[in-house]
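Each structure below is given as structure tokens.
After this come two complexes, each holding chain A, first together with chain B and then together with chain C.
Presenting the complex of A and B:
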């Protein structure tokens, strides 16, 4: 009887994963479909959509003239990378600082900081997005890469804080004490003992920040100017205008990229344990 | 005593050094914008976008019922849309829970290696672009999409079902996107569940249903509530899913807010709607912390377990 229930549960488990992965899988498969009119009807294998998005060939038929220009796409990718790299750097420094302060110092506002660091994460995206839009516009800041970077840092600092805090919480403080007892000053202890120990957490937090920043749509949507479209905003725009076959190819490339970064992150997390 | 003083002083300066930049940054770019949004929601909308700096409570009046002037009238449609968003977000939480609960039990009973593989596979979609995941569902649900073709091929239906651009499509999309958010806190609760308690309950003569209701459910309740809140919050203000899968037919509060900022250009009204969403979320969290205590703060757990 017990066996049978486990069996049923396993069937359910497999169905559960199928539900999660089948749609993603479908996008990958259909990115190789030659049919330009109905993407869902298979009419042969092609790499045309990949050629189109990478700019090696113009679209094959009139019907599939969709990516207005590869330049636009590449610019969006470039913007996304600039934003994500800068955001990662800034939010990792800010988030790690607060995490260190909260974990290693005793001060009166500690509880306040803990609560404060959760707020940006709990705030619905759209609320933060419009608040930032109002803020930038009323102070006359032009919307562009800088405003996007600032916007991303406001909530990604929290993510880094959480990840690094988790790492600090599981850390043995006696090593730092030993270092101090042996005569190392605070800075040396930090550089030689604390930093190497929290590094997996810091890298994990940084990668998380990077991937969320690369993927953020809602906040970026409100605070990106005309010339500073990021990749998610660009694709969202394409989707709203209509479904075109090369979106499959773009999506597949993005999938590959996120799987790569995610695996890297999880590798660091596993190593950090 | 005097010997300790310099160290303490230095410690204070280190602490100040660590906190100065983040505090300044968040004060200016997080608290600042939210405060300004609050102020905006009480200002008079200008004629051509923009605002007049005079006190004006009719933006809220249009939503909650006291606006009755020539230009600004209360319209129940805004409350209706808000309530519909609440219902859709509740449905999303409910179906996420329904789908994830058995799966969490299944994963918790696997061996160590299989367990971490499953957790990896469940976390992975979180890293995959939201737009890409939603796009997959557009492909599936369209009249010429795979689901309709499949059903027509089987001869079950003659004409394509209109799934896309319905509330059902929006809920399907949100459930799909937010499954990892539900699974992780739920799993944390389910994994902690002590199997011997279930056995003991059975040995003492409880039926399966009784064991579930009196033992399993109460013990996994923190995960259930935590996961539901984590899913509910981003669903409530969502505008991406309804705009891609709901089309013009399903309007949620998020879409309404977006319109106020990007096409109608009535920022105070948009800000008032945003405040309404934010207030409901904060209210929900306050109730939650009161009920379950601070340590169970849902975001804390899910985010740290997601953290790369």
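Presenting the complex of A and C:
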């Protein structure tokens, strides 16, 4: 009886994970499918699509010549990296500072400030995108990388704030008092005690901000200019003209990249314990 | 010469949710001399931790002053004050090993590596943890963490060490051993200790002087013997040790001696300034000063003995190993506590609850408190 139940549970478990991962698995498989017309039909292993997106295209047939140009793709990747790195830096510093202030000081309307920091997380992306667009236009700001970075910072600061706050909540405040008692001023205490102890949270928040920034489509779509297309916006543009095999290769590379970033995060978290 | 630490009229109120502010410190003044072990003793909320945190710089005063060697330190932030603290929960830095924890104050002060290593090793040796430097603080037992916290606080040789209930998390045996070691360490180093505790036994064992606090005010300040045998008031008497408090009316006084009558009619003669004719005095005697005899006639049989003789009925008897603790109900006076030895031999017939007994307390063991029992 018991055994049978476990058997059912195992089947359920497998089905559950299949449901989640099968589509992703298919994308990876299709990225190696040589069939340029119909990716559902396997016609042999190829690395052509990867060669194409990296600009070493050997076999550029009329049909596979879908990525308008590798230059455009690479420019989108570069834009995405610039945006994500800058946003990560700015929102990590801001989010960590706010988290420290909220955790350490008493001030009026603290609960209100905390709520304000949570709000951008539940705000629909589309609303945020439209709001930012109107904001930038009404201030006469041209849309470009700067507007995207500002836009991303507005909501990613919240993500960093929440991750760092969670870490701070688990930190014993008397450690900072002990440091002060032993002669360390505020800055030395932050550098030698507070920051090392919350570092796993700070790195976690930064990686989260980086991944979300790299990945964001909806908000970026509204506030990116002509020359500031990021990778997700670029891919979205490609998709509107049909799903082509290069998409699978780009998706697979992005997937790999995300795994790497996440592994880095896990590594730092493990070291922080 | 100015005293090492002087607290003048320290006052501190805390706002509460209800609106009525709580007084943590109420015009408290205190001095601590060089090489002195002073204990702040009192129940939770008496102001002892607030006072300690005000000295270390983590709490502000509403008014009053704190001086070290004659210089006010109130305008200095915590990190610039020449005192170190052993925290109740030790507050060891979990991301540093034992040696870095202990050497933290030297590291911050810019003491060079070799000198630092030497002094860290010395401090660890002093607290009995020689060779533990490379360990992670997470691997240490509670007692060892306590010692690391102590080493960290004394490594820079402050003149004044503040200890905030540092032994409260240790088990009984370890606590007793640490009490002795702390006392020895304080003597050996010549550092003054201000030690906060709510444990009266701890306070009596270690201190040169005890400050009994309640309601943000000093209830009594003095050496342990004074606190125990000659408490100022009913609060101190009740808080330190077990006590019997009996109200007696002073009938008359001749010369040094006064005649008192306790409720129920028993009379006794006591001397002292507090025996003023016409007032109700509060008498204190400790349970161990009470001698107990079986039968009501025993009291009457020795009328010559100076002191208080009472007759009552045994209501409770419990054996604690070395003693018997008795509770005796005396008509008109109420329940009294007595601790007696060798009861088993003296009463092979057995002292059973309900039996009439006679009590005697010698005059020398009776202390007159200032004011009525609170």
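Simple rule for what comes next: the second predicted complex is superposed on the first by the 264 of 273 C-alpha atoms of A that agree within 3 Å, B and C clash if a C-alpha of one lies under 4 Å from a C-alpha of the other, contacts with A are read in each partner's own complex, and residues count from 1 in each chain.
Heads up, the rule we're going with is that contacts are C-beta pairs under 8 Å (C-beta built on N, C-alpha and C of every residue); 3 or more make two chains touch, one makes a residue touch a chain.
If you're wondering where the values come from, they're calculated on a predicted model, not measured in any experiment.
*Asks:* In the superposed model, does chain B or chain C contact more residues of chain A?
*Replies:* B
*Asks:* Contacts for A:262 in the overlay, against chain B (first) and chain C (second): which applies, first, second, both or neither?
*Replies:* Touch status of A:262: first partner only.
*Asks:* May I ask you to decide whether A:184 touches chain B, chain C, both, or neither, giving the answer as first, second, both or neither?
*Replies:* second
*Asks:* Touch check for A:249: first (chain B), second (chain C), both, or neither?
*Replies:* Touch status of A:249: no partner.
*Asks:* With both complexes overlaid on chain A, does A:196 touch chain B (first), chain C (second), both or neither?
*Replies:* Once the two structures are laid over each other on A, A:196 reaches chain C alone.
*Asks:* Counting only touches as set out at the top, which of chain B and chain C does A:175 meet: first, second, both, neither?
*Replies:* Touch partner of A:175: chain C, not chain B.
*Asks:* Could you list which residues of chain A make contact with chain B in one structure and with chain C in the other?
*Replies:* Chain A residues touching both partners: 186.
*Asks:* In the complex of these two chains, what residues of chain C are touching chain A?
*Replies:* The contact residues of chain C facing chain A are 56-58, 77-80, 83-85, 87, 89, 91-95, 104-105, 107-109, 152-153, 156.
*Asks:* Under the touch definition given earlier, write down the residues of chain A that touch chain B in their complex.
*Replies:* It is residues 6, 9-10, 12-13, 16-17, 19-21, 23-24, 26-27, 30, 38-41, 93-95, 97-98, 100-101, 105, 107, 113, 116, 118-128, 130-135, 138, 150-151, 153-154, 157, 159, 162-163, 165-166, 186, 204-205, 207-208, 211, 214-215, 217-218, 222, 232, 235-236, 239-240, 243, 247, 251, 254-255, 258-259, 261-262, 264-266, 268-270 of chain A that touch chain B.
*Asks:* Which of the residues in chain B come into contact with chain A in the complex?
*Replies:* Spelled out, the residues of chain B in touch with chain A are 10-11, 14-15, 18-19, 21-22, 25-26, 29-30, 32-34, 36-37, 40, 99-100, 102-103, 105-107, 109, 116, 118, 120-125, 127-140, 142, 144-146, 149, 176, 179, 233-234, 236-240, 243-244, 254, 257-258, 261, 267, 270-271, 274, 277-278, 281, 285, 297, 299-300, 303-304, 306-308.
*Asks:* Which positions of chain A touch chain C when the two form their complex?
*Replies:* 172, 174-175, 177-186, 188-189, 192-193, 196-197
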